[in-house]
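I'd like to ask you about the structure that follows.
So that you can tell them apart, the chains are marked A, B, C and D in the order they are listed, and the count of residues begins at 1 in each.
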Amino acid sequence: MDEQGVPHSAILLVSCPDRSGLVATITRFIHENNGNIINLEQYVDPGEKVFFMRLEWDLSHFSIPLHTFGETFQNAIATEFGMEWSLHSSSEKPRMAIFVSTHSHCLYDILSHAHAGDWNVEIPLIISNHPTLEPVAKKFGIDYRVFPMTSDNKRTQEEKELALLREYQIDFVVLARYMQILTAEFVTHYPSRVINIHHSFLPAFAGAKPYHSAHDRGVKLIGATSHYVTVDLDAGPIIEQEIVRVSHADSVDDLIRKGRDLEKAVLSRAIWHHLRRNILVFRNRTIVFA
Amino acid sequence: MDEQGVPHSAILLVSCPDRSGLVATITRFIHENNGNIINLEQYVDPGEKVFFMRLEWDLSHFSIPLHTFGETFQNAIATEFGMEWSLHSSSEKPRMAIFVSTHSHCLYDILSHAHAGDWNVEIPLIISNHPTLEPVAKKFGIDYRVFPMTSDNKRTQEEKELALLREYQIDFVVLARYMQILTAEFVTHYPSRVINIHHSFLPAFAGAKPYHSAHDRGVKLIGATSHYVTVDLDAGPIIEQEIVRVSHADSVDDLIRKGRDLEKAVLSRAIWHHLRRNILVFRNRTIVFA
Amino acid sequence: MDEQGVPHSAILLVSCPDRSGLVATITRFIHENNGNIINLEQYVDPGEKVFFMRLEWDLSHFSIPLHTFGETFQNAIATEFGMEWSLHSSSEKPRMAIFVSTHSHCLYDILSHAHAGDWNVEIPLIISNHPTLEPVAKKFGIDYRVFPMTSDNKRTQEEKELALLREYQIDFVVLARYMQILTAEFVTHYPSRVINIHHSFLPAFAGAKPYHSAHDRGVKLIGATSHYVTVDLDAGPIIEQEIVRVSHADSVDDLIRKGRDLEKAVLSRAIWHHLRRNILVFRNRTIVFA
Amino acid sequence: MDEQGVPHSAILLVSCPDRSGLVATITRFIHENNGNIINLEQYVDPGEKVFFMRLEWDLSHFSIPLHTFGETFQNAIATEFGMEWSLHSSSEKPRMAIFVSTHSHCLYDILSHAHAGDWNVEIPLIISNHPTLEPVAKKFGIDYRVFPMTSDNKRTQEEKELALLREYQIDFVVLARYMQILTAEFVTHYPSRVINIHHSFLPAFAGAKPYHSAHDRGVKLIGATSHYVTVDLDAGPIIEQEIVRVSHADSVDDLIRKGRDLEKAVLSRAIWHHLRRNILVFRNRTIVFA
């Protein structure tokens, strides 16, 4: 039981080549070890014939201790079926770092969710290329570290940031309107563990100043896209998108204003899915079991 | 294989008291009889502890003929777990009757979907209390039968309609803006098999003239709701809902105009889910596996 | 009064360099000639300092006959302010031609609206590069003409089409999933009078097979865009856009199915705005007074 | 010019019995006094024949000082046409008080907007019936006053609150999930100046525990509604509404979680419209010029 009396549960994420009997095999394994399945979602990519599953079960009577589950599951099932898998416990509390520049709206929305206890997360660290938002970090008692970026110092600054992430034992990073492009070196340290919010309906208006481009094009809807960061700018696997209606009467400033509310909502939903272990990544696309 | 070369599949809908091992037991049964699971969706009502599942599998190598599946499944599994279940084959073509009054928009949308081959359905019969839409039925070569309704003749007219539905071997009925209230007697003949479209976001504005009520109340969104008809007016299990934005500048006529496009879209989506066997009904709510 | 007893009204669309006193001058002119303003919408492009207005007034007591309004208005006001303007009467019934290929969903939706009397429009002609949809045209008693297209004959076929449009006195053209690209020659004959529906959220996925591209990119929303056709493919002024949510579980076929409902809804809304004279075009953008 | 170099503007909100020449008269008056109209929106209620207008003009060269505008406008125009009107200057900074109970999500969203400078507003005071959110107020340096409520002390506590609102020169009140019902006495002090957020799509699920009711009814969308508070509970003029999609798989807790994000977004949009002077109230409905 956790503090709220909710029984602990485990979440298993699995992917492997599709084969007859996969669901039966896995669910029987959990069942025979006295795990009661709370939730099962599966998807088979029909083109690639790849099987994906998210399985959540109650640990109250589960007969395998979680620290030995890996070895047992690997030997009993995973090796035979060529599975990639990861196990997560509801009692883990992932540690998140937030990267910001000067815009506060996404940062406040994240801190508001965390502070209200909506999310099962620790936020020990905020990193920025500007001192602007330090007062916000202070309000919430979170360490705030500034790494000014120039075209010359990016690699060395990023190395310091990476060291800091290790020191703070950070599990994943959220770019909350961080206006810098991470190097490929940085990104490869956190595969599918850096979440960005882009202020357009990707793939439309990738790159800089999307609201200006949207205004120029005269679109009737603007969007925001949260995605995992890969080495290709604004081209990583999309987690969540949303739009809002605009009209000819909306200036670029109006788009920016409406967009802010969209960005923070979309980013927070993506973080929620990440924390809930709802997401699997395959070939630059996400499977989001929600 | 069907005409398009898509392999035949079977869909099993199951509900029963929740118990450990249900998924494992059912999927193993299908697997051991050489059925390859294409899709599995399950849900457990956490309050009532009831288990629901929609299971779709490829029949190409399935070793149990569908006409004996029922007996086999009942003896092997269903009796033991107290299951209610239904089996459907992708080669079935359900037969639908449409009830209309004088509005054509939902009727056209349904016929347009059916005519384009979007849906796996036969529509042999349209019933109305008015002759108004007979020309539409004629365009599509569908029998159109008129049963004028008065306060005195409803029971006898409905009996004739029911006889006609039997004669045409109708599986389910769609009320496509049929402005009459069906009697409880009629409804009980087609439990969870009469689909209605109500022109409001239920439970707001149940009953007559919802667009007038919405305008009076000054709402900023109007809705449409498709639901299964029960003996309680506008209170049956909701299948699908959608809304559209309105403003102070929209007159009642504008709401009616915007609402028409909403009604037909919502009704057609509900019919799609019904035809795909995505829906289970429990305690006046639907589980829609989509 | 028209047949429904609605008084005739006039709609004036105006654009000109912004200047102090424009609204006052125009509304005083209408007022002094006994026109009662029903609706006034204006917009000033803040960057370009251009003024746009849509003015609708009741003609019951209007003292200027419509056939002399142009000369009077030009002399009294338009010349002085450098206005471009157009006048429309609610008693006009614009004549629309529909271009189709083989998909019927947009065509049915348009004909359903027209047939139900939702729109003030005549549809005397449907043109296609395929005979496929002739039966649909026949159902509605509309002439259907086939012009097969090859890479060699496009210019000569389009000339025949243009002759036909003149013969039928067509005011504007709707491309209802017409899978051919019109030549610049054709387009220049109908500036801001050819309405297309593109099956993506432009500018994302311009060009062919947008649903395949959307699926490859793993987007979480798909869209449809209606725009006026210009000589730049899929780059004309956007009239209306809408989206629908999709997930990893949606195949390309699912996107196509969901997209169909989106396309027809978006196209029909664009036609509605065009017929209502809600639209002004400026620098490849639309002002839609709605 | 204000601090950002944006020229000061004035906003005039007008309502009166509809009559020919109203727009011409008002715009000529502004024009003749060297006001350049930036924005004009008007609406005529077709049933009640009442005229509404929101007029915004640039004050740079306006020849009437704002402090004498009232008398001049009243004598020149308003008396003759029986107008109700109000004048607002872009240099005013309205003073808002926030009432909260224990939920922080709306409060954080408001403070985040205010703190980022998105809104032209002062927030000197937060009032609550609980001490819970005092730390949030402290983070932002805002006075926080607690008035515990019992069935016996409501009248006397409200009197103290009203005294405090006067002391702080509060212009309008926002109930940011304040779980108390204000008395009619309180409400009458701030007509159309108390903004509430109700956690349902009104008029569905008025009253307490709307998410539980929505779950019981099995709706497929949940909503939130922001409205001005009147003496009839949850029945005041609606300013803004929005919905989000839910499914059978969403528990009451999921609805509450999704609803929180909806509530804060809807409330903040309503506050924006109020601050922008976009809203007129007539017969329990709002005209929102946006």
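As a convention for this text, contacts are C-beta pairs under 8 Å (C-beta built on N, C-alpha and C of every residue); 3 or more make two chains touch, one makes a residue touch a chain.
It should be emphasised that the depicted structure is a prediction, and the values quoted were computed from it without experimental measurement.
Trainee: For the interfaces B-D and A-B, which has the higher count of C-beta pairs in contact?
Mentor: Result of the comparison of B-D and A-B: B-D.
Trainee: Tell me whether chain B and chain C, two copies of the same sequence, contact each other through the same residue numbers or different ones, using over half shared as the line for same.
Mentor: same
Trainee: Among A-B, A-C or A-D, which chain pair copies the contacts of C-D, with over half of them the same by residue number?
Mentor: A-B
Trainee: Take the average of all CA coordinates in chain B, do the same for chain D, and state the distance between these two points in whole angstrom.
Mentor: 42
Trainee: Calculate how many whole Å lie between the centre of chain A and the centre of chain B, each centre taken as the average of the chain's C-alpha atoms.
Mentor: Computed value for the inter-centroid distance: 37 Å.
Trainee: Give me the residues of chain B that touch two or more other chains.
Mentor: none
Trainee: Would you pull the chain D residues touching chain C in the complex into a rising list?
Mentor: That would be residues 20-21, 23-24, 27-28, 30-31, 34, 36-42, 44, 245 of chain D.
Trainee: Within the complex, which stretch of chain B touches chain D?
Mentor: 43, 46, 201-205, 217-221, 223, 237-243, 247-249, 251, 284-288, 290
Trainee: For chain B, which residues are in contact with chain C within the complex?
Mentor: 103-105, 108-109, 111-113, 115-116, 118, 139-140, 257, 260-261, 265, 268-269
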